[in-house]
Amino acid sequence: MVIVMKLHSSPEQMEKVNSKLRENGFRTQMIQGVKRIVIGAVGDRQAINASQIETMTGVEKVLRIMKPYKMVCREVREEDTIVRVTGAEFGGPRLAVVAGPCAVETKDQLYAAARAVKQAGATVLRGGTYKPRTSPYSFQGLEEEGLHLLAEAGAATGLATVTEVVDEESMQIAARYVDILQIGARNMQNFRLLRLAGRAGKPILLKRGLSATVEEWLMAAEYIVCSGNENVILCERGIRTFETGTRNTLDLSAVALVKTLTHLPVIVDPSHATGKRELVGSMSRAAVAAGADGLIIEVHPDPSVALCDGPQSLDPGQFEGLMNTLRPLAAAVGREV
Amino acid sequence: MVIVMKLHSSPEQMEKVNSKLRENGFRTQMIQGVKRIVIGAVGDRQAINASQIETMTGVEKVLRIMKPYKMVCREVREEDTIVRVTGAEFGGPRLAVVAGPCAVETKDQLYAAARAVKQAGATVLRGGTYKPRTSPYSFQGLEEEGLHLLAEAGAATGLATVTEVVDEESMQIAARYVDILQIGARNMQNFRLLRLAGRAGKPILLKRGLSATVEEWLMAAEYIVCSGNENVILCERGIRTFETGTRNTLDLSAVALVKTLTHLPVIVDPSHATGKRELVGSMSRAAVAAGADGLIIEVHPDPSVALCDGPQSLDPGQFEGLMNTLRPLAAAVGREV
Amino acid sequence: MVIVMKLHSSPEQMEKVNSKLRENGFRTQMIQGVKRIVIGAVGDRQAINASQIETMTGVEKVLRIMKPYKMVCREVREEDTIVRVTGAEFGGPRLAVVAGPCAVETKDQLYAAARAVKQAGATVLRGGTYKPRTSPYSFQGLEEEGLHLLAEAGAATGLATVTEVVDEESMQIAARYVDILQIGARNMQNFRLLRLAGRAGKPILLKRGLSATVEEWLMAAEYIVCSGNENVILCERGIRTFETGTRNTLDLSAVALVKTLTHLPVIVDPSHATGKRELVGSMSRAAVAAGADGLIIEVHPDPSVALCDGPQSLDPGQFEGLMNTLRPLAAAVGREV
Amino acid sequence: MVIVMKLHSSPEQMEKVNSKLRENGFRTQMIQGVKRIVIGAVGDRQAINASQIETMTGVEKVLRIMKPYKMVCREVREEDTIVRVTGAEFGGPRLAVVAGPCAVETKDQLYAAARAVKQAGATVLRGGTYKPRTSPYSFQGLEEEGLHLLAEAGAATGLATVTEVVDEESMQIAARYVDILQIGARNMQNFRLLRLAGRAGKPILLKRGLSATVEEWLMAAEYIVCSGNENVILCERGIRTFETGTRNTLDLSAVALVKTLTHLPVIVDPSHATGKRELVGSMSRAAVAAGADGLIIEVHPDPSVALCDGPQSLDPGQFEGLMNTLRPLAAAVGREV
């Protein structure tokens, strides 16, 4: 059940509605839109009559949401949610471009990447410091030392920062250093981590699982939002199919579909989706044309020596070239870079 | 083995090379590029020494193609193949837009669709007359009667025409009426039909199979080309995955990948890929941004009464609106509509 | 609509019902069960009142079948259909074991295989003569010459025979030589071929398509049955998934599921499913335990020189070993080999 | 690199080898086989010459393992690993049958289930207490209260116990109550949890991820083993494919394949794989015939009121019936129940 408050309803009115719902056994969550407040309420619909709420002062209407995700669905908030961090926004008219190396390796490597992506027009710096790796024998990341470098490089270049977290400890540490916390594809249904993300106090970049349906992806976002954090950015990064010509299959129809189902911003990761540097440009352009709110792209000062994902990383020149092709394209769909 | 002839080599020189190869047990196929001729030769590489061919007059070089598809690969022809029909081309700077109803139902329905798509800027009219349907109890198409209407509607509006063929008989009949013969997803590995397509005398629109890899798709094209027909247009129409939110999963990374692997043109069918009218626009734009050479879109004068695929069909107004959004987008990637 | 005739109803009674249905625009099909006859009728349900039929002499009841497949569903016939050919049956208590080489190569190869599989207990000889190959440059089969050998080898050893057909011509020729016609995975939705199979006058072995759902598979069987041929044997041969450790993914739960949905027999092809000789034995045993009515297994006198599918072929000794393990297993599930 | 020690080599000899390897920068792990000890060593192969190790006293041979998983592969240990808990073993001649409810709901429900499955021949009791649920609004489990009940019910009936853990906290708590800790499909690549499982001091039941390849699954096991815990039981529970007729697609060929690749035991979960009660029996039998070392089956005293997964749960009578069919089948493949 979702309660839409009237424009100019008072905090007291909202609080009364909230109390009434809680008294009747509902769990509630406020969502502050640009224009109005809505209250999500989950519980036994038999416990209370919708008209009892609808007649309370300050209430405009009560919606029964049939979708399994209540807080993140379009019915609850028609306008797009815009997630803002220093110097960047996700979901507004300006596309967010996140770029940087797969893993933070050294200070020199990270600063070179940061300066290059800033120069070319990116607004957020990515860099992995806690790396989930298929093999226990692969490079696992610099952890807090890497976070320190990432925060410094962000500050030095004026870029916001994002890094992946993999458990409670890394989430707590990373929240002290970076602007956005990423939950990776393999943890998309790590429900404990999702609940912690609801209380992390930072925006969450939520990647779609390798074989997650659109509905499961939105349910994962629902976990975060209903735990208290409305600043969720969805990220399509390719799904697992029978096709082996690309690392994964980039599902751009999911991006267009998700934009109709949720008010949350959605970005696209063409690097992990394709696994091939030569396809990153065309898939970035396709993502923007499909309506994505931004991109996250792997850029390394020298991909040939990268500790991970070299074959899908752009070098600074390639990234700059890509950015130049994105500007007219964004304009053609009414956006800007 | 592929033999690249010199610029300005003579027909006699080519014929001598051809004869030599055939004498040594090779099957050969000429491919006439814009600038030069190449000869594809398949057989036992031990039977002849490459240098014996390389030293013949008129030969520029002999290539050993490692890919399983020999005639359709980029190594054989660097420039893009352009497939031309009256009033339209596939693979050139101008995007080909094919549009029309899923099935030819009545003269009124078809003419209304044809006039609408012509008006909005399409150059080829589609219409199914031999319908491969999952159920034997579903509408199976008007067959030759439908072809007659299709040819008339094409002539009346100045549109080229395309229809699906499903066996030898329908291919022979359809070849008398339409400009392009389509081989559908379910027949992509109907190898007998592919061989017949090689001798059909009309360009072939070859849809990707529901679970065909990029390599299998190109091998299917190879069947047609090595049987004598170089005018093959590839069409990505969505692959089968676990995702049920869309009818299929549109694989645009395959489009970008295929453009690097083959010289053949590639178009995209966003209607069958998504199965949802509201996603056709964004996926059309994404396809153009990804580098597709054209689109094939289902348009029905009144989708609510369509005999098949109504939920994914645009009405004339929606199609016109889509075409208007494609023009600036095409310009942004150096193409035109 | 399905009409179940009474036990001991007369041919005249049945013919009257049939005529009545046809007069009202229905297409009808008789299915002769062990105990009684049912009539499948497809058409406009408004055209006639079920009670008009139900009151006719000899009619026991009229069923409305909600499933999209009408003739092949369990509701129409409770008992299992048994498909019989000389010396073998599919769907009865005795398991059918089909074995032989992927392709008929030479007389010696085929006879060696035939004798070996007969000796070990197989009842049907398989051998490909029209081969659908991914590459146009691969061995395509001996065609009619191979059929001739196959018929001879079958006669010499007392084995029934099966071969794959790929179009109308091969179907007509093969029907003169072999006992069972196979429609391969890539042609499962070649609807023209399915309709022809309905009039082929021989039992049809219908392989499941690489990415066909169970429902689509049963609809393909429905095409054959509603075109006049009730002798359809289904064959699960692995589906296409993301897993690359095996050639395909053998879907034994589909076998168990299909046995609940249809009265048709279902066999399993562990050779194509796994693509690995060392897994054929365990998957054969698993198939029998899952309730399959038989197996189709690739056996070659010398797999190391096989023209196709050598890595998944058993040699005679391995096949005999496998058969020996099947006997106690079949007994444990109430079957025999 | 894997070092195989001689039969009767002394602890001192082994320790010397171990020290030498560590001095050269290798990480090492002992694996105690029935007959001999092997040492897994991961590091820079350039750092030391294999012959330097091979000539040390007590060393039989040094193997270079090409597979990415070193400790769990067959090359390291030819004989099957047997994981033992009170009253049950996984990997020995006797099949392990784990059974019980999806979730621990009440004392009555759990005891009824425990008594029924014990009576029918199960040796391990399953019961979820920390439930990973797709929706944040679904029942999430009784947590420690449920563990308490589970331990009591196990003790009362003489069954070993297993429950799923989802993070460090639940792992630590559960390790105090149950005999086996389960890592679920959605956490199969939660690498932090895998490392913790390596130090948990209890056997780990590792379910295959929904879209994990066999190689990724074995790499996940490698994480646990190389972190110090050799008692890993693999569990196939169905993979995600396009087929919607079953909840997942049970991949029994993976079971047979994995048995050739690793020495670890593998069991099968037919309940989650199929999602349909009526398929659990045939898939259980197929699993045993395929070579699985055991089964994990959902049993609820009254599936119609189960808080989760009712449609796939057997009632006590159905479970007993299934167990009765398993005995002759197990005997037919040389096992016992």
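Order as written gives the chain letters A, B, C and D; numbering starts at 1 within each chain.
Here is the rule we use: a contact is a pair of C-beta atoms (placed from the backbone, for glycine too) under 8 Å apart; a residue touches a chain by one contact, two chains touch by 3 or more.
Because the structure is predicted, anything quoted here is derived from the model rather than measured.
With contact taken as defined at the outset, subunit A and subunit D are each touched by B, C.
Contacts with subunit A and subunit B are shared by C, D.
Measuring from the averaged C-alpha position of subunit C to that of subunit D gives a distance of 38 Å. Separation between the centroids of subunit A and subunit C, computed from CA atoms only, is 50 Å. Each of the following residues of subunit B touches two or more other chains: 211, 240-242, 244.
Looking at the complex, you find that subunit C touches subunit A at residues 211, 240-242, 244. Those residues of subunit A lying in contact with subunit D across their complex are 42, 68, 70, 132-137, 166-168, 170, 186-187, 189-193, 195, 210-211, 216, 219, 222-223, 226-227, 240.
Listed in rising order, the residues of subunit A touching subunit B in the complex are 211, 213-215, 238-239, 241-246, 249-257, 260, 273-274, 276, 278-279, 282-283, 285-291, 325, 328-329, 331-333.
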